[in-house]
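First subunit A sits with subunit B, and in the next complex the same chain sits with subunit C.
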Partner chain A sequence: MSKSYTITLEISRYDPDTKLSWIQTYQVEVGGILRFVDVLRKVNDEQDPTLAWASSCEHAQCGSCGIIVNGKPLLACELLVRDAVEKFNTQKFTLKPLNIAPVLRDLVVDLEKAYDKVHEALPYLIKPAPPHPDGDEYRISPEKLDIYVEATRCINCFCCATACISSHRNFLGPNVTMANIVRLMDPRETAKEERMDILYREDGVYRCHTSRACSFVCPKEIDVSHFLALGKEGKF
Partner chain B sequence: MGEKLTIDSTLRCDVLVIGAGGAGLRAAAQIGELRPGTKIIALTKVTSPQKSHTTTAQGGMAAVDPKDPVDKPIFHIFDTWKGSDCSADQNVIKKVCNMGWEEVVWLERNGMHFSRTEEGRIPKRPFGGHMLNFGETKAFRACYEADRTGKGIMDTVWNESLKHGVNFIGQCIATEILFKDNKCIGAIIFRYPEGKFLAILAKATIMATGGKTRMYLVSSNCRGNTGDGLAFALHAGIPIMDPEAVQFHPTGMVGPGILASEALRGEGAILRNKDKEPFMERYAPTAKDLAPRDLISRAIITEFREGRGLFHEGHNAQHVWLDLRHLPKEVHEKKIQEVCSFFKRFVGVDPEKDLCPVTPTAHYQMGGIPTNEFGEVQTDTQTIIPGLFACGEVAAASLHGLNRLGTNSLLELITLGKVTGERVVEYLKDAEDPEEISPDAGHIVFDQFSTYLNAQGTEKYAQIRETLRNLMMEKVGIFRTEKSLLEAIEGLKSLKERAMHIPIGITSLKANQDLWQIWELNNLITVSMVIAQGALARKESRGAHYREDYPERSNEFNYHTLVSMPEFNKITLGKRPIDMSIFEAKGERFELFDYIERKY
Partner chain C sequence: MEKALTITKVESYIISLMGKFPILSYYANTRGWSFLISWGHRLAGLTLVGYMFAHIYTLSLLFTPATFDADMKFLHNIVFSFLEWAVAIPLIFHSLNGGRLILYELFHMREDEIVIRWMIILGLIYIFIVGFFFIEEAQQISVALFWSITVAISLIAFLIVLNKVWVTGNSILWKLQRITGAFMFPMLLGHMLFMHMNYLTGHDSRTILERVQNPFIKGMDFVFIIFLLFHAGYGLFSIVADYIKPGPLLKSLTFLIIIVIAISAFFGIRLVVAL
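Right, the complex of A and B next:
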């Protein structure tokens, strides 16, 4: 068997009926190659079925399981126990819900509300360019696509928005702003004016103060702040 | 538990989409395009449609560009027929394959970020079972966005639905469909955040709840793929077609079973056993590592059985190797970037340098709610149920028969999603608003929830879930026998009974994960039972369904299985003929569309 660990979890809990919050401590014996979602499932299975947490695909493609571990927003499905022990240099972990939406229970937040902002960025092509004369797909060179393809990989997990201090106040947030910038860079979008209005509005890109926290935490390793910088410079 | 369960309020719309995944939202976008102003509500269990399971699809979507110099739709039609082991419906195959390219173009025009060739066009890669000239050599047919094609598709149909004003309701489960005079009039849903029941009345309802293989120990499916849609369809008296046809993908990452796409083998990866032998050469001399999935999965299990597998200590599981070391750096970094990162993160191996441990993983269910080629749901006598439609993985039209080729599912979602949308628009022309819900609406879920909330047993949820997953993997998995299936059926009866007594942690209805999961577990047990019963009845081997006691395909079983189960284990079996219209039309090469031998 691979190495096992005894880890301590200090989890922020919240009960929507009583509106009480508290910290609960669990000790768990786990194999090093288990993910934090497996650890949470183990807590449910063996110790406490009432602890609520969210996940869906459990392999970093849907962005449902974001939580804050020892201060860092990340995806619980991606963090292996042995890597966590090494990275944070401890066997004790504090787990908190993301702070960009209301908590529903324990580690589960109402991401549905957070998505309202994504919708504000109008992630679709507002006015697609006319089709190619051959009637098939637009031609986009691989070089052109390379400039913005990384930004299209965003899964809206809101880890960056959690890390970004501005986004808690009066900023649409890094991922949402980037979604708009992707379409500004997309040669198929013709409604550039409307997009610029969103980009430069009151809670737009200039609320970003280039701390780069977003790039630092992004589980998909997208350099979010690079795209925001391009947005500020109007380079799209 | 004192709270009385009641319906909190009623919403009304023109179209209710149960399942805002790739298929459901392709249908919704089509309705929005053809009939602006249609009031559409789309439901999902997750927080946003963007997080539906379609977003995890990796490798590609099959489509033949009519201007392609070497590939032709007829080859794709043939491959799909042969891949299904002669059990898919030819009218459906023909329709879907002929529509593929226009749908790729639709996706691209609506903003999907396909990868690009040097000429700026959509690139294509080979995939298992897709060949040129009726099975001669591999075809380049899978259109892709790196190894996140599903994400590109999901984002696009979600975006288009948003643009057309579809109203999304997330974090909810539909729990039963409602009928009045045999016409479907909507559904009851339960919302997780507030713990409230709502009735949604609709002129037309589309079921698109997706996949359902979470009953297997190793599965590539997401946490919520628990067969809810099939369970409530069964309850409503609708049969499930070909439930025995469960696809095991040969290359799941050892451990949780996360998928390592066939695109890897499309790009040149090779399977190797303990002795590093590229063993697929023995099982499929022509197609080798790109043989269809059922064949490769059986080959891997055979390697295990004959002592040529390996054992992964950390995950306590057998595996073989997938070798990607010889692929160019450029391929690792650009074409299969996501999957390579999964191997690094979840398994701790670097595919550029190390061999990757893989094992078959339950992946896809070919069977589902029977529909015709327009997405209209049928009863066991092939009568259409007015107002009820189905598309996507939950439905069976049937494009795949007993075995699906890779990249044909994304194709199905988008093509039949569109067709279903068109049919719904037709239907809306003279559809009337449903008047009221019947007074007993909701009683199914109220009974279920009351049982779960008041249960006083001692056996925990996790024990029953794990017993189920092991039972299905061992006895209703890649290899099946009459004995294993009968044992599974007995096991499932016992699990069903035991699941009624699971002690519950929280009795409030708000954000009650425990309650939600116990409800899902019951659905898994229900769907497992129809899988086992279908498998028991099909005394032959065909496609993904393999009976060790009947290893050959038999003409006696040239039909689709229909399993009805309005009450648990009250089974009625029926049949639906296989559509052979291409063969019967006696056109060019029609003889290939007979019940042909399947060799790769």
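Right, the complex of A and C next:
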């Protein structure tokens, strides 16, 4: 049996019908190996079915359960209660929605709006190179892949964008900029000029101030600031 | 990628001390120490911009040397000397961190923790030396030799960064920020040291006026003030642009920054040319 905790959650609530915002406190008796998504579900089941929060895969692959816990943007499906108690040295947690898009309700933000920026980076191969004549697939050497494969793990959870010192008012954001850079590094992409235009546009890579908060909070442990710096260095 | 760094006992002690400040430990735990250093860079920059405006004002008193000398005499006490020395702290922090950013962004220096360690060591040494000069007030050095060496180092830093950054596709203003920063790194640190070598170099109107008649010093000061004001203006704009969405407010604030910098440039250049 894992240790039990009585934790206090102070959750930012928002009702779009009345436009009212408030903080609501819940006390929950939970096991240490429960994840925060489980804790929120427990709140729904036992105390308040109106509390809204988002999740989908709950395996840190879709990025839809991003929230801010005690100031740190993270994935609620990855955070165990016992780890949170140890990390934050408290049993009291403030839960807020990410700040990268308007809040729809409580902890749910408008990810479609957030994704509008991702779409600006054209997160696909614009003009893919033709397959190699000897085979039906385009082969990338392991050495080439090693240079950028880390960046391909990005799930667009927007934790980095939430933590970024440059905010997202005049900056595309770390994940969006990296989405462009990873395709600049992909040998299958031939539309390099178009990608360079995105990289160096007015709200492009140079708006990053290298605070490296993106690398610090990334749930997938990607060194985001390294990839952004490659853009500023003029590596492409 | 980054090499793992073993934290020394001293560093661990410093981190634990800083962790006692709730605001520092909050951001260190939720955004990382580099984020806090970035904030420190901003605050230090803003402090230096404020000091720069005050500095242009005090230097404008040189047009009436008697007033300047009287004011300097009034300010020559332990409180103002301490405050003046304290300016060395944001100055060296902003300079070294600017250097660190250039190394990270343009020269692929990813061993950031090692660079931060050197920042702390070099910063402490500099602050100690400046403090020593403040107390002693008795150093002697040839003006020509000191500034020739400092300008040479500044030009080398300027050319290295120019060569590296110019070929990239970044915004031209961003490039100029890096280039002017590289030039001013040795210049500003040298300026602080030189002005406090002894009391006369930075506080006596006759000594200052005699020095600034030299065409080399005049030319150097002219470039210095232009670079400094550009760097300050673009730094202010960068901060504002992080918080204000594109639109009329951002445009108005940008215009305001340009006006303030232009007025400062007018007074600054007038000092260099007319004195």
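Keep this in mind: the second predicted complex is superposed on the first by the 233 of 236 C-alpha atoms of A that agree within 3 Å, B and C clash if a C-alpha of one lies under 4 Å from a C-alpha of the other, contacts with A are read in each partner's own complex, and residues count from 1 in each chain.
As a convention for this text, a residue touches a chain if its C-beta (ideal position, glycine included) is under 8 Å from a C-beta of that chain, and two chains touch if they have at least 3 such contacts.
Worth saying up front: this structure is predicted, and the values here are computed from it rather than measured.
Trainee: Given the superposition on subunit A, are subunit B and subunit C in a clash or a fit?
Mentor: Fit: subunit B and subunit C sit side by side once superposed on subunit A.
Trainee: Between subunit B (first) and subunit C (second), which does A:S64 come into contact with in this model arrangement: first, second, both, or neither?
Mentor: In the superposed model, A:S64 contacts subunit B only, not subunit C.
Trainee: Scan A:E29 for contacts with subunit B and subunit C and give back first, second, both or neither.
Mentor: After superposing on A, A:E29 lies clear of both subunit B and subunit C.
Trainee: In the superposed arrangement, which partner chain does A:F88 touch: subunit B (first), subunit C (second), both, or neither?
Mentor: Touch partner of A:F88: subunit C, not subunit B.
Trainee: Compare subunit B and subunit C by how many residues of subunit A each one touches, and report the one with more.
Mentor: The partner that reaches more residues of subunit A in the superposed model: B.
Trainee: Classify the contacts of A:A163 with the two partner chains as first (subunit B alone), second (subunit C alone), both, or neither.
Mentor: Touch partner of A:A163: subunit C, not subunit B.
Trainee: Given the touch rule stated above, what does A:Y206 touch, subunit B (first), subunit C (second), both, or neither?
Mentor: second
Trainee: Name the contact category of A:V149: first (subunit B only), second (subunit C only), both, or neither.
Mentor: first
Trainee: With both complexes overlaid on chain A, does A:D223 touch subunit B (first), subunit C (second), both or neither?
Mentor: The second partner, subunit C, only.
Trainee: Does the superposition put A:D116 against subunit B (first), subunit C (second), both, or neither?
Mentor: Neither partner.
Trainee: Once both complexes sit on top of each other, what is the least C-alpha distance from subunit B to subunit C, rounded to whole angstrom?
Mentor: 15
Trainee: Which subunit A residues come up in both lists, the one for subunit B and the one for subunit C?
Mentor: Comparing the two interfaces on subunit A, one with subunit B and one with subunit C, no residues are shared.
Trainee: Please name which positions on subunit B make contact with subunit A in the complex.
Mentor: 46-48, 50-51, 53, 55-56, 65, 67, 101, 104-105, 108-111, 113-122, 148, 151-152, 155, 159-160, 162-163, 170-171, 192-193, 222-224, 255-256, 258, 313-316, 338, 341-342, 345-348, 460-462, 504-506, 508, 510-511, 513-514
Trainee: Would you tell me which residues of subunit A are touching subunit B in their complex?
Mentor: Going through subunit A, the ones touching subunit B are 1-2, 16-17, 31-33, 35, 38, 44-46, 48-50, 52-64, 78, 80, 104-105, 108, 110-112, 114-115, 118-119, 122-125, 128, 131, 135-142, 145, 149, 152-153, 155-156, 183, 186, 188-189.
Trainee: Subunit C touches which residues of subunit A in the complex?
Mentor: Touch list, subunit A to subunit C: 70-72, 87-88, 163, 165-167, 169-171, 196, 199-200, 202, 205-207, 209-213, 215-217, 223, 225-226, 229, 232-234.
Trainee: Given the complex with subunit A, which residues does subunit C contribute to the contact?
Mentor: My answer: residues 1-2, 26-27, 29-32, 34-35, 37-39, 101, 104-108, 110, 112, 165, 167-171, 174, 238, 241-246, 250.
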